[in-house]
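Presented below are the structures under discussion, each in the form of structure tokens.
In what comes next, subunit A is part of two complexes: it sits with subunit B in the first one and with subunit C in the second one.
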Partner chain A sequence: MSSIVLQFLNGLTSASTLFLVAAGLSLIFGITRVLNFAHGSLYMLGIYLAYSAIGVFAGGGGVTHAAFWGGILIAATVVGIVGALLEVTVLRRVYRSPELFQLLATFAVVLLAKDLVLWLWGPEDLLGPRAPGLGGAVEILGSPFPEYDLFLIAVGPLILGLLWLLLHATRWGLLIRAATQDREMAAALGINQKLLFTSAFALGAFLAGLGGALQIPREPAQHFLDFTVIVDAFVVVVVGGMGSIPGAFLAALLIGEVKALCIGIGDVGAFGFSISLPKLTLVVESLVMAAVLIFRPWGLMGRALAVLPDPAGARQALLEKSTPRMRMAGIAIIAGLAVTPAFANEYSLVLIIDILIFALFASSLHFLMGPSGMASFGHAAYFGLGAYGAALAFKHAGFPMEISIVIGPVIATIAALAFGWFCVRLSGVYLAMLTLAFAQIAWSVVYQWDSLTGGSNGIVGVWPAPWLSGRVAYFYLVLVLCGAAIGVLRRIVFSPFGYALRACRDSPLRAAAIGIDVRRFQWMAFLVAGGFAGLAGALFAFSKGSISPEVLAIGQSVDGLVMVLLGGVQTLSGPLVGAAVLTWLQELVARHIDYWRALLGLIIIVLVVAFPAGIVGQLSSRRRTAE
Partner chain B sequence: MLSIRSISAGYGPARVLFGLSLELRAGEVSVILGRNGAGKSTTLKAVMAMVPLSSGQIWFSGKRIDRCATWEIARAGIGYVAEERRIFPDLSVLENLEAGRRSARGHGSPWSVERIIALLPALGPLGRRRAGTLSGGEQQMLAVARTLMGNPSCILLDEPSEGLAPAVVERLATLVRTLRGEGMAVLLAEQNMRFALAVSDNAHIIEKGGLRFSGTARQLQEHADLSAEYLAL
Partner chain C sequence: MKCLNAVVRGMIALVLLIAGVPAGAQGSIKLGELNSYKVFPAFLEPYKKGMQLALEETNAAGGVFGRNLEIVFRDDNGNPGDAVRVAEELLTRERVHFLLGTFASNVGLAVADLARQRKVLFIAAEPLTDKITWQNGNRYTFRLRPSTWMQTSMLVPDAVKLKKKRWAIVYPNYEYGQSATAAFKDLLKKSQPDVQFVTEQATPLGKIDSGAVVQALIDAKPDAIFSSLFGPDLSRFVRDGNTRGLFKNVAVFNLLAGEPEYLDALKDEAPTGWYVTGYPWYAINTPEHKKFLAAYQKRWKDYPRAGSVVGYATVLSAVAVMKKAGSLDSEKLVAAMQGLQVDSPFGRITYRALDHQATMGAYVGRTGVKDGKGVMASFVYGDGAKFQPSDAEVRKLRPAD
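And then the complex of A and B:
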């Protein structure tokens, strides 16, 4: 009994932290409509800064109240200032770009922040001091419970109250709420949005920084906190309803408690199986999110988002069938690739194989995002399940490679069938978050099912059949399969099915009115995209000889997004160019430069600011203007 | 006061206005008439920089405003009441008014909540109601009132009579006349010709993004052929 109560209190503690981060994220999203991927990085920065600030204030001596609390406040304030700078230098330039581009820009900031932290503080975990005066424990039902955690439990509701006052009792709050509901109309009433946006961003960043800084006595500063925190915060914001601060609080409580109770309950045995709930917190968390979104598509306290006026040119351009000239260029590229083994060395051949595989992966994601209009943040699920499906069929079931490479995509398709059925019931950011949730479920299952998947070690010895084992032979296999698959995807876009998908994207109501079963078509789009991503995954597994859970981790999904957005979501050749550019950059930069992430982040920011419609999109629109 | 000089504008690649020019003097009510899609709303939005100009200039009170941001144009003294009213639905009526409040720029007596309610008594008892729950007519009055709180010297009304009951349109007409009496310039975009001509000094007809007629409201009433040709009445 007492352990359950303690776990309940633990849940409240983590709910407080979750709320601080999620409230800032929600506030920023509400007014700027930017989903700030870098919010987890701001949290991480908060911890590291608090560690250093307290250290400096304490000097060589003990940690006084002034040093500890002053350090935490300074850390949060600096993070707030960083947030304001971020808004002014990067985000302000992309408010008129499509939503997903803004996401890409914030992701670039994640990369920058990660390397910044590594450069300033190094890779080791840093353990901070205890809070003076709160270092002890109180006895609750006979068990000790940290005083500091009790303090944190109080912080959440306190911040909720302060935020509520700020939003409802000040003119600033009134204007924030007005602009959240209709920012164009707010401007027409003379409200200066620049100030409002920057200040909201600074406040949101401050809260994230505070959330991080307050963790310093509880957990070490680690350089991978950014991703863990951002996924949690996304889940909380989506469950609570985007833009709703009380919703974020409620959702933080729900998620915090669910996770804590999983740990409290421990292993559960049923039907001869033993399930370890503590290991499955991520799965449970994602399931809660999926359940909430299915019954309340806008979250617990959210409402349907007001449609923003289309920024000029952001509307999806018409996809054009290939002209004879483009077809010639396509044939020339394939012919060029076909003869590369004659003069390319081993290293470039491997790089080209990677590029081809990722071109297919990016094309399948593009099929979902472009013609079907459904952004997926979890496309790695299908790539990874394709890879694991093929590897498991080969290693465990003993199928030959030729059959395993078919089984992979089949598994991915089945997953797409299941995940897609839920996802097509939502739209926009909510749909994207649900795809992320499913991908996280898939990842945690693969990661934690040691006996089948090898856990974090993955599966090794996944080699192609003897006749394909040479680099050159495998290169031709990849060239033929990826080329054909990309061609088929292209054909589907210009088939009646593809036209219907675009009709569903552009106007679901009108499409339904002329007899198109919108959900069914979108569901089919998931199958197609999932299947082809699975093929890419299967080819990837056999090209590397081994796979790890990385192939279905969030980083892989983000890579896909970056490829599609870098190339331009409005063109069919965009994902191919994006895949080539990103794969090549990662390879080139990572080999020669220590801080390659930061450089990649900078490159992405420059590209996003210079090419708001993607590389290919920008070139083709320039060509159109020239004509 | 407001001078629109051969502007062209549109949405992305679609051009809507082609070299349109209009003049609006202080204390004058003008109406832009035209069929659906003729470019009435786009003209008003272009003034507010809610639609980008591809050419032309817009001047207001001796200053060029076509390179300003929407909020700067509003602060210069142009009020805008949108076609779909676009009140903030989750804010109360009073909060909507408060969001529109800007200090006066020294012409006429400044607007306050009390003065607004004296002018539009129907809003009085609604103060704490969520604006989204108001009726169409109440929302329209609130939208105008919210804009007045910014103390504009010129006000753009986009199809204010659309979807309103005749009695409410009548009240709207009185309101427009009162504003004119205060020395405010009013530019209307309308389809309701009876309402428009009853309150306007001047009328402009636009068709396919260009001006087809400009004259006094009386002149337009005398040219039945014009209305037939451009407004399909």
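And then the complex of A and C:
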């Protein structure tokens, strides 16, 4: 009994921690509608700054109350200022961009922050001091429990209360709530939006910094914190209902408790099976999120979001079919690629193979995001399952490579069939996060199922058949298959099915009224996108000779998103350009300098500011203006 | 239109620039090194320094075959897909003669299989997975560091001596932790059939929920704990365990925890009396190590980490194999690797012909705190040649070339 109570308290501690980060994220999203991917980086910055500030204040002596709490406050304040600067210098320029484009800018900030932290604080983990006066443990039911954890348990509700007061008892809070509910109307009433957005961003960043800084007695400052925190924070925000701060609190509580209980209960045996619950901690957030979203499509305490006016009329552009000139250019590119092996060196072929495969992957994601209007944060699931499907068919079932390459996409389509059925019942960011939840669940199964998938090591020895094993031969295979697949995807967009999808996206009510089964069409879109992503995955597996769970991890999904957004979500050739630019840039930059992530981040920020509609999107809109 | 033209022109200029980059100095011997420098910097920055030191020493002594030795460093982004592309780049564009490096096990295995496919030598410096020399072993791949199995088996004799009944296990939930746990349980059961494993906590790598995990271990009332945690997970586990009194009267065994990369982070909170494998650079008194230590400290104004030794010994191995083979031909290099002897900072090591594993060992001992820093207070060198399964067992595990 005592152990259950203690585990409950442990759950409360982690819930408080989660809530602090998630509250800031939720606040920022509620007002600016920016999904701040860099929120985890702000958290990480908070813990590093606190480490240094406390060190400076303590000055080599013991850590006093003033040094400790002063250090934490300074760290959080600096992070708040960094957040405000970020908003003013970068994000403000891209509010009018197509949906989710801001995600790209914050992704660049993540890259930048990673290298900045490494440069400033060095590679080693930095374990901070214990809190003065709270370093020990108190006896609870006969077991020692850390005093600082009790303090954290109190901080969560305290911050919740303060935020509630701020939002409900001050004029600033009133304006924030007004802007969260109806941004346009608030602007029409003469509220200074710029100031409001900047201050909300600063407060959100402050909370992230505070969340990080308060962890200083509990965990070392290190480089992975941004990624480990950001996903959890997104999950909490979505489970709670986007923009709802009490919801975030509830969600943090739910996730913290479920996790602690999984660890506390340990192995469970039933019906002759034994399940190791601690192993579930790998995906417990995703399982909770999937379960909540399936039953409550707007999260625990969220409501349907007010629809923002389509900025810059971004979506119309898609209706354009390619002009003869563009078609000529396309043919020229394909012809150019076809003769590449005659003069290019072998490595260029390797690089172009990667680019072609990612171009197909990005195109399949774009098919969901663009014409179908459903953003996916978990598209790597289909890419990865396609890769694993092909690799398993080849290695375990003994199929020849030529058939395995077909089996991959089939497996991916089946997964899309299952995941899509649930996802199409949701919309917007909720839908995107549910795709992420499914992707994470798929990832964890692959990661854990050692006997079948090789676990975290993956499967090696997945090489093409002898007649395709040369680089040139494989290059032609990839060129033909990816080229054809991208062509088919393009054709689908302009088929009656594609027009119906766009109708479902632009006006679901009218589409339903003329007899289109909206959900079924969207479900079909999932199948198409999943299948083509699976083909890209199968080709990827055979081009690398091995496959491991990274192919269906979040990083792969994010890469796909970045490619689509970089190219421009409202053009058909955008994802192709995005895939080429990102793959080529990363390869180039990583080869030439040590701090390649920072440089890549800077380049992406420049691209974001210079091409606020994506590269192709911007160029084609300029062309239209010129004409 | 003007803008578009400028962009196109810029792109063309860039492409020309890259195509025109000269491919290194003429006449030097090039080796390709790929690693996850940005993902695991705490280990790999010292590793790179160790490599550079060995490289400079080699070239100061006249290089190899009278030619300058050059190492082309590449970041593999901690991802097997990228690693394979980078390795291809090293082989085809940089025309390196063979490959070195890798850290994570999945990356190591992916590059090892590429080496088999492209028929080039690959010296896997760091990946610990047993599979790289056993189940997935191949003709072209050799591994320097002692494997998970070897390091685990170094801790077993002490564990057996203690005769503890109730063991709790905690490990990072991926291949390294799983293999270490499986090997430990297996070896301990053989010597002590009545042992009980009272709880097993598999924690997500880098995301241990230390409060709950420590509590679960306390509730299981173990006599001893076997852990394979490292890095931030280890720091959190130690701090929470100290606060909650988990380690009082419990024997703790922790793989790798004696490596400065992980022990130093704990400062004065480093545990005392734990049984660990590691690298006590401050107290190794062999002449080989003293020489290495002096050279390293002179060159970098910093003390070496376990990674430094691995990087240094990797380059020494590469140099030794070229000299022994007398050639840069892949097949001759591979033949020379079998039974190759190298004088490392840990003494002479041999690359076993049987399974391509080097006999480099690790230091096994107990932790303590000295001058506010964690140290290995007492230790012995576990010679990698002695901590191996029988040859027959290895032959069963490893496919024939």
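Structure notes:
What we mean here is this: the second predicted complex is superposed on the first by the 617 of 627 C-alpha atoms of A that agree within 3 Å, B and C clash if a C-alpha of one lies under 4 Å from a C-alpha of the other, contacts with A are read in each partner's own complex, and residues count from 1 in each chain.
Here is the rule we use: a residue touches a chain if its C-beta (ideal position, glycine included) is under 8 Å from a C-beta of that chain, and two chains touch if they have at least 3 such contacts.
Note that this is a predicted model, so its numbers are computed, not measured.
If you count the residues of subunit A touched by subunit B and by subunit C, you find the higher number for C.
In the complex of the two chains, the subunit C residues touching subunit A come out as 1, 3-4, 7, 18, 37-38, 41-42, 44-45, 74-75, 77, 79-81, 84-85, 88-89, 92-93, 105-106, 109-110, 112-114, 117, 129, 131, 136, 173-175, 178, 199-204, 206-207, 209-213, 215-216, 218-220, 231-232, 235-236, 239-240, 243-245, 261, 264-267, 269. Interface residues of subunit A, counted against subunit B in their complex, comprise 171, 174-175, 177-178, 181-182, 184-193, 309-310, 312-313, 315. By the touch rule above, subunit A contacts subunit C in their complex via residues 3, 6-7, 10-11, 13-14, 114-115, 118, 123-127, 130, 135-137, 143-146, 149, 217-220, 222-224, 228, 259-260, 263-264, 266-267, 276, 278-279, 281-282, 345-347, 350-351, 354, 447-448, 450, 455-458, 460-461, 463, 469, 540, 544-551, 555, 587-588, 590-591, 594, 596-597, 619, 622-623, 626.
Of all the residues in subunit B, the ones that touch subunit A in their complex are 11-13, 48, 50, 52, 69-71, 74-75, 80, 82, 86, 88-91, 95-96, 98-100, 102, 146-147, 150.
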